[in-house]
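Listed after this line are the structures, all set down as structure tokens.
You will see subunit A twice below: alongside subunit B first, and alongside subunit C after that.
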Partner chain A sequence: MAERRIIQATGMRPLVRPGRVTLGATILALLAFAAVFAPLLAPHNPIDQDLMVSFLPPFWSDGADPAYPLGTDSLGRDVLSRLLYGARIALTVAVIAAFLAGLLGTVLGLLAGYFGGWVDALISRIVDIWLSFPPVLLSIVLVAVIGSGLHSVIIAIVVIDWTRFCRVVRAEVMVQRNQDYVAAAVTIGLGRWRTIVSEILPNVAPLLIVLFSLEMGIAIIVEAILSFVGLSVPSDFPTWGGLIQEGRLYVNQSPWLMVFPMVCIILSVLGLNALGDGLRHRLDPVMRR
Partner chain B sequence: MNDMLAIEALRITIAGRNVLRDVSLAVPQGHVHGLVGESGAGKTMVARAVLGILPAAARVISGHIAFDGAEITHMSERERRALLGRGIALIPQDPMTALNPAFRIEHQIVDVLRHHFGLGRTAARAQALELMHQVHIRAPERVLRQFPHELSGGMRQRVLIAIAFACRPKLIIADEPSTALDVTVQRQVLRLIKHLQARENTAVLFVTHNLGVVAKICDTMTVLHAGRVVEEGSVEACFERPAHAYTRALMAATPRYDQPAAALAPVPEALSRDLADEATAWDARHGAA
Partner chain C sequence: MIGRQVALRLLLAFPTLFGVALIVFILLRVVPGDPIAMMAGVTATPEEIERLRGLYGLDRPLLEQFWAYLGQLVQGDFGVSITRRLPVTELIFERLPATIELSLFAMALAVGLGIALAVAATYWRGRAAERMTDGFSAFGLAVPDFLWGLIFILILGVLIPVLPISGRVDPSLSFSSATGLYLIESFFRGQFDVFVSTLSRIVLPALSLALPLAAIIARVLKSSLAEVMQQDYILLARVKGFGRFRIVMRDALRNALVPTVALTAVQFTFLVGGTVLVERIFSFPGLGNMAIEAVVNRDLPLIQGVVITFALIFIALNMLIDLTYGLLNPRLRHG
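Here is the complex of A and B:
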């Protein structure tokens, strides 16, 4: 934040920024690659158990089996394969949930920001009420009520996080709608909807891309939390949160079981945040040069 | 001689406060009419009333606005939209924010032409290029491909003038179209507006707080103070025989045309007290709404 101020004040382009976009995009690309090609990349079926090879250590330790590069868990399932399939679920949830939350939040934010008045008052009140619920608790209660499963996880994330899009978009639209170009659009005879969609929305789009990227990171965390508490997909199905939960039981014996999924989550979220933050600057039309 | 724009006893309040107190003025076809007054006099409010983009809190209490002989005071949004662009166009005050930052110049001009004339893409593009020539933009091909932030203020104002004249409107409202520019560029912009106006025989309502500009390009003028008309008539008559002490004070305070226009020297205290009293008396007679 402070860094950004300085940049704006001095008009300088930070040297690290392009690096952040590259870093974030690379991590996202790796994640997508792992998710899409999991069946080809995974050396084993992620749910095949083989008690003969349980608790194998990762490849650099003594007694590792090259057939299981990152070792095995308590039931002899291949950790690498489970992580790869976990990436599938994480990315699917992240993309769909962020898209739907973005869609809902953006539509309401555009309406509130453009029309103001009672429309804004109504939407803003709903957002305020929404924000007074603790988000993680809300999602757990929600999934407990509508039943576990991937679709419930997605619904939970959308229900919690549409407000983030709504608030940011509303604030941005309020700024944009007072710009003369909006009055100019009206004075050349464009209708309201046309003004919102083809004049204002393109100016909000860079912000949406940034928010989308950040939201994917959040969705990955929420999915992990819900699968950690066992409210996501059925438990033998590999999710990163589920892997942490299982690994937790054997943390003294084989800490890697817990460390690997954590690293996956942290790297993904860091990558998405770096991407979002880097893009914020790249996509700003005024700073685009 | 028929009036392209005729405003009669227009009274507008914002949140119960009178901002226009029975303002009347007429812009004959093919003439440039100056609307002068200090900051807060209500000049922009007159312009906005004609364009139908009053702030949400503003109410038209009484009076009429006629465009080309037809009453437009209480037009529906749809009817007014048909009028805007081809009938009435705006040259906005601030060239920095009046162009949409998200789109290239070409897109913004072509959009207007397609919207109003249903031109095809190629025809609209050729027309855009022609317009760029008419507003004396060198290297129009390049400018068309640029984004607003890549252009200087004077350049953007030329683009805005091109857009305003694009649909060959009968009336153009120019709200201080040159105040944001430096003096040399300001003069070029004014000359350009005058030139195009004369060629197209367009009526122009020219809003400014600079009497020097009025003397230079206007045929008739209205002096506004605190939402009241204090002086009106042909520019020669007003300059030679100002009827109101306020106009005389303004004239004494007006710098030469080619000097910065920002500083209107303060009006004598007794006079501004008189004027304030007159406004109060007016409110008392008419009720504060």
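Here is the complex of A and C:
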């Protein structure tokens, strides 16, 4: 049962009609391709400066240099190469942060949902407290406190976004707990932990894949926000948010500097949202019409 | 009956408030090895740091510090801002109205736009207009509020400069506000130049905040409208010969609105949270802009004050939402 759902979720079964899942998976694949092969795809070193060629326009404009397809920034660095390396950072943060947030949230959600009682009361109260903070402000303060850098960004996302997983998993486990298969597992003498890990968890897994996909999109946005505020990674590192922030300074001379990284973020998030939504529709029999 | 519910909710808010205070304390005073060194900067001498440490009571045991800190919070005393040298509470009250005005204006835009989109999609069901609104919803959700802000700055501020993109009111206009709510106050006092100036500066940040919420509202309302349109009484209205527009607007919309109202209330807190960055982008002098300034300047008392103020707003909003649910849904009323 669970296996079949996962096969559907990962899109390994022939698709009935190309839709959001295909669109999302394609964009995600492109993003992964750009991130993995950035050193091969990038025409230049992303931090090499050449003041002789600063503010070159993209290839379709007059005065463009074919060696710099998407133009150059204020220091003559190649925009295309910076975007490709930016995809690396975005994807790294997205995968690691979404995975860790998912892990923490799922464990707490399973505990709260399965045991109920004071365990649930305690975890739910913590979630309530967490939801009392504006997430953007909390992440900015958190990174300011623990110091900037990629690992801080990941920690901030995990610390703030585990509640998304926790709430959904808790609610789902509460439904699953009353199913016959759980009673059967208890009857044949499975312990509590065995029941949670090998019986309930697989039935929650499809939901987790959906949440993971959506969380990756959120992580990309948060990373961009922190870079934008100047708290992510040192400015030598080309992050999409950092590129937007730099581009903003020269928006009158060369608006493209800001447009390209924005397009990258929007396309990535659009793709991940489409994937998550598409999977949700496909996995939920009620929504699958 | 309702009085008891309110009392219960208030009582339940206390552990949350305590938790919030504890988290802020840990975050700002325990985690960073030395908040004083962080505040004093690299040029401070050891004596200066020692003096500051005594001043803020950081040389005492942690538990004692926490107790003193709670005492201050209960009195609404957030200390004095390091960079501005003014009481934090004063600074917060000065900025709060701007953020409230922006949030409410954005909310109104989101609701109006969301309903219009859902109604249009239902009215032109199965035609190009429906696909267009669906596309807009997907796009509205994928683009976070701060990117909308940058898009607007790029298009309407730089490429076709039609609207001002920073501040709250034209600096050359003198306007001393009693409430801090410029838009409403200038309108009722008949100072229309101030009103227009304020309006032209609030539209873009408000729209940036409103678009993602409008997309969510449009999506949920559209699906409840689709459900309602299947009901028998809609068929009856059709048989009676009422026009399609009247049916969608009067019969369907009224019954489809309840889930949307509930959802909008919950999403409103996210919109308020989004003001932090959007205000920064548009140099809008609200609470969020001051929060980022405080973080950049490492102004610890100010950071603490702003974070706790936002948390209080969120807790109050969540409480209001819970109470409204209780009133809207009679089954929960006796729970």
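Convention: the second predicted complex is superposed on the first by the 264 of 289 C-alpha atoms of A that agree within 3 Å, B and C clash if a C-alpha of one lies under 4 Å from a C-alpha of the other, contacts with A are read in each partner's own complex, and residues count from 1 in each chain.
Note that in this section a residue touches a chain if its C-beta (ideal position, glycine included) is under 8 Å from a C-beta of that chain, and two chains touch if they have at least 3 such contacts.
The shown structure was predicted, so the numbers you read here are calculated from the model rather than taken from an experiment.
Engineer: Sharing subunit A, do subunit B and subunit C clash or fit in the superposition?
Structural biologist: They fit: once the shared chain is superposed, the two partners occupy separate space.
Engineer: Which holds for A:V229: it touches subunit B only (first), subunit C only (second), both, or neither?
Structural biologist: A:V229: touches subunit C, not subunit B.
Engineer: Counting residues of subunit A in contact, which comes out ahead: subunit B or subunit C?
Structural biologist: In the superposed model, C touches more residues of subunit A.
Engineer: Once chain A of both complexes is superposed, is A:E199 in touch with subunit B (first), subunit C (second), both, or neither?
Structural biologist: Only subunit B; A:E199 stays clear of subunit C.
Engineer: Once chain A of both complexes is superposed, is A:E246 in touch with subunit B (first), subunit C (second), both, or neither?
Structural biologist: A:E246: touches no partner chain.
Engineer: State whether A:D180 touches subunit B only (first), subunit C only (second), both chains, or neither.
Structural biologist: In the superposed model, A:D180 contacts subunit B only, not subunit C.
Engineer: Where does A:G191 make contact in the superposed view: on subunit B (first), on subunit C (second), on both, or on neither?
Structural biologist: In the superposition, A:G191 touches subunit B alone.
Engineer: In the overlaid three-chain picture, find the nearest pair of C-alpha atoms across subunit B and subunit C and give that distance in Å.
Structural biologist: Here the least C-alpha separation of subunit B and subunit C stands at 16 Å.
Engineer: Looking at subunit A, which of its residues have contacts with both subunit B and subunit C?
Structural biologist: Touching subunit B and subunit C on subunit A: no residues.
Engineer: Show which residues of subunit B lie in contact with subunit A when the two form their complex.
Structural biologist: 51, 53, 56, 77, 81-86, 88-90, 92-94, 97-103, 112, 115-116, 147, 149-150, 160, 163, 167
Engineer: Over in the complex, which subunit A residues touch subunit B? Could you list them?
Structural biologist: Against subunit B, subunit A makes touches at 116-117, 179-181, 183-192, 199, 202-203, 205, 285-286, 288-289.
Engineer: Going by the contact rule set out above, which residues of subunit A touch subunit C in the complex?
Structural biologist: Against subunit C, subunit A makes touches at 125-126, 128-129, 131-138, 140-142, 144-146, 217, 221, 225, 228-230, 244, 248, 251-252, 255, 258-259, 262, 265-266, 269-270, 273-274.
Engineer: For the complex, give me every residue of subunit C touching subunit A.
Structural biologist: Per the touch definition, subunit C meets subunit A at residues 15-16, 19-20, 23, 27-28, 31-32, 138-139, 141-144, 146-147, 150-151, 153-154, 158-159, 269, 272-274, 276-277, 280, 288, 291-292, 295-296, 298, 303, 306-307, 310-311, 314-315, 318.
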